[in-house]
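Mind looking over this structure? Questions follow.
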């Protein structure tokens, strides 16, 4: 029999994985092009609504909606990138903030218009409901699924970035944009693809999040703070950093709440401030 | 435009001279008393938001410190003014000073942390500190009233003569007066040697130590001053509406003020005032039309401004003006 | 508060306000609500209740045309709510203030209601003290002590649990619920073996649920605000192995509202709650109400909607009694002691406290065919807010 | 460090003792010992990547050394912050312009003067009342032939003028020792002479160390040359000695002329 804290910690990791999938895309785009995309969670929200609509109105199975959520967010993000974001790569951070927060505002209103302000519950397939017994611990099946997805995404991303030509281009562009251009790398296209990947992952995260945190039009703004925390604690542009930060935040938040519930509301921010004071560039950050 | 004077001292003096447009602007702030007597409540809220944005401008626009936790000082000022009226007395000006001092104290203490960081880390540190204070205020509901809001504020008549009326005449006059006085201080600060150092920090953080400047000391000082100003803004809202809610400390308030300032044009004295006015008037009008969907129109407004007038409304307009002059 | 100040303001208001001076054939109602932001859905449902009532009963009452002006506070902003109330009174000349998603909004507007002597109908804000803040205010929703004290007494007496663990959100309403429940539970001979206050913006409840489980209580009392949290805590109970059919989990209605139960699915079965309204409640009036609501808005009504609906009922009936006189004194006098049949059952406005008096139903989540719903199995009749007059 | 050592170096404006710095395996400064006499005009030369700018960064405190000391007028300044070194009279310029893009030269130099005079904390007075500081700044600008562009925004100035402003900013700190990192970098050859004329005209009390690639310029203006190779001092001596040194020819001049 394992003590109950392990079960709690497992839930923390699962929650962390959700945050990881939601935030890793922003970490990479912020690190790569220095583009402050505060509309990141709007793409996540889009993925969530795609899943809801496909499941509820078209009776798609949950698993089939996940790639759809990914692609929908990726495609919309490419459109937005081509029409709006491109023009602002050289603009000030503040203009980028204003534009992207404006887009987030628009997404909130549009979501409220099409889907009303209601929560959008979905019914998970039977094999993701309930829990299994693991040495006396209850392990929620959906949470187990989240952990698997989180680890799979991490491995997939690391393999892509470390072992493919595209990954090499991304790394070169992150390290030194000017030099990458000099080497004949099409930095703009690299960025567009990375951006679409990041937004697609956000869309996937949004779809996965419904079961844990629900979905309503405020999603685009509400989870922005959490995503920014993961990105800054992990370090800009670092996949492993985001992964570590997500685990750290998930575990310390849950363990802290278990042992010192009085500090529940403070924990996540205390951990962030402490990590940043110790390592201003984040756990795996370079700058 | 007159050619710049040959004497450098006279030239620098000329930079801080009052321009006719400025005087016209401040005279125009009096117009709502006659033109929009039914909108003075909104006008009061704009004056307070403008003061808050002005305080943020000192650190964001002039020293390059982007803060997503500035509501902390607004909230400290609001709660201090509320507590002051409840436990000391209801006189407004002393309450205002108490709020400014308390916010300055919070600002001074946190400035030692803030001055050590830059960029995203700085943004997240300010955000973290702001949210910690928000949570603390929620937990301390025996003092703050928690999420139900602070109860029991009653204000004396301003200067013993004017009570806060339902039309908001006193409220607007009082807030506008305070805004103007604080604006004069900020204006002087910007045109001071200290203000020049702040601009130096914003323009080139790396060069400052190489000309012998202790940037962190400057940042600590401006952060404290800015906190005091934000505290005054918070106190104004507490005094003129006789309520304080936890929202005064919220992330949304911090984010809104950044949006207002950037919309108007950061690093320009009037940026915050213009941004606050346009944001709040637009919000009031849009939400009057569609209370559920005004976010859409505000979003469109922000996107349009970025696309058409980079660097905020004032920044974009002055760039357009410069272009037009050159032709 | 300075009495002279208020008297002066009221005098000024009464003498010069456009609404009162020129109210001929319309009665204007200013609805102040958090139409945008985190609580937008609450505001939307209250608004749906208002709309439905007006659709069913027409927009003319006692010879007056009813006109609604909606204002958005964006959230729990007392200063914005107060400003909007002021503007509604001085600019738009409204006769009645209504809505109020959240307590701070109601508290901000109450000052204006008192100063300007405007009838104020609180259709949601549930903190007990709110109605005391203006003599012209009535409440048509619910108060938290009304529910939580009833739940506490019921659980200790009829519910068969003597050891309870309480879990509430750490903000005003949560603390109200905790205080009320524990007080009543102890008074009825129960023992509180532990309690925890959880952050308001809390996305994950595993740790708190595990703490509760560690104490091995016979029952758990839960209060979380509506939205995403009810489903989250419900699933956390399941994931941590707390089965509501074995251990009694009792809550207020938000924690088992329609979306929450839908999202939880079978793991919600057996959950107990004390509440004043549910769309599944069986009565002819409620059946019709739910049907009409669905026809209009393609969703089920909830307690927010019924608060708005009944709020409009109070306004309409009061206006009928005053024959269209819309000043605060007359309307509040007309509203006091009003009794009517609501979709939630018989309700009335307490003549003394101006607060709502209603039945509190004890329900259990059960399967009804393929749907999972709250089924009423016990009730406590004519519950007043227990905190009035208490120190 | 012993008292005797301190005394021994007190005759020099700037000295380094065993200054070393490495990044992991990469040694960028190896046991550097230099002595700059008061009023000297020293040139620091060496092939690309020899560690010339690194040495200036070490001296000015922008990069902390792993070992060694830096002495300014005999005082150990190794532990001081960059700004404290500037206050004690050690100034530098940057190879890549590091200016205040949206200030004009008058404002920028006045800023530096105000920092030195300790009036920059004054937030309550208009800058224009500080007549002496402003005139001092303007005087520096006219001396560097920037008087006519004093009111133009920095980033709109021609590049050569910006290089001069680099020097003006450093001079505004009233340095005893001035380290110039390629003052004419990027300036067309015909204009670089102008810049060095300005440098040459600086007060004789001022100790100068400059990095420069153009050997004509080096031999014309330097009284003493230090050759840095691979992070270590390869050799040093008078221009004539250096010109005659075959080793220098090989590692540096040779490469430059034939490579």
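The chains carry the letters A, B, C and D, assigned in the order they are written, with residues numbered from 1 in each.
In the analysis below, a contact is a pair of C-beta atoms (placed from the backbone, for glycine too) under 8 Å apart; a residue touches a chain by one contact, two chains touch by 3 or more.
No experiment lies behind these values; they were computed from the predicted model shown.
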Each chain counted as touching chain B and chain D at once: none
Reaching chain B from chain A through chains that touch each other, fewest steps: 1
Longest centre-to-centre distance from chain B, chain (CA-based): D
Rounded Å distance between chain A and chain D, as computed from the means of their C-alpha atoms: 48
Whole-Å gap between the CA centroids of chain B and chain C: 36
Chain C and chain D: spacing of chain centres that average the CA atoms, whole Å: 73
Shared interface positions of chain C, touching two or more other chains: 36-37, 40, 43-44, 170, 199-200
Multi-chain contact residues (two or more partners), chain A: 108, 112, 117, 265
Residues of chain D engaged with two or more neighbouring chains: none
Every chain pair in contact, whichever chains are involved: A-B, A-C, B-C, B-D
Contact footprint of chain B on chain C as seen in their complex: 1-2, 5, 8-9, 12-13, 33, 35-37, 40, 43-44, 70-72, 74-80, 82-84, 86-87, 89-91, 103-104, 107-108, 111-112, 115-116, 127, 170-173, 175, 199-200
Chain D to chain B touching residues, read off their complex: 60, 62, 81-83, 86-87, 91-92, 94, 98-103, 106-108, 110-112, 114-116, 119-128, 130-131, 133-135, 137-138, 150-151, 169-170, 172-173
Residue ranges of chain A in contact with chain B within the complex: 30, 84, 87-88, 91-95, 97-99, 101-110, 112-113, 117, 225, 228-229, 231-232, 236, 265-266, 269-270, 272-273, 276-277, 280-282, 287
Touching residues on chain B, where the partner in the complex is chain A: 66, 113, 116-117, 119-121, 123-125, 127-129, 131-132, 135-136, 138-139, 251, 255, 258-259, 262-263, 266, 292-303, 305-307, 310-312
Contacting residues of chain B [partner chain D, same complex]: 4, 8-13, 15-16, 188-189, 191-197, 199-200, 203-204, 206-215, 217-218, 221, 225
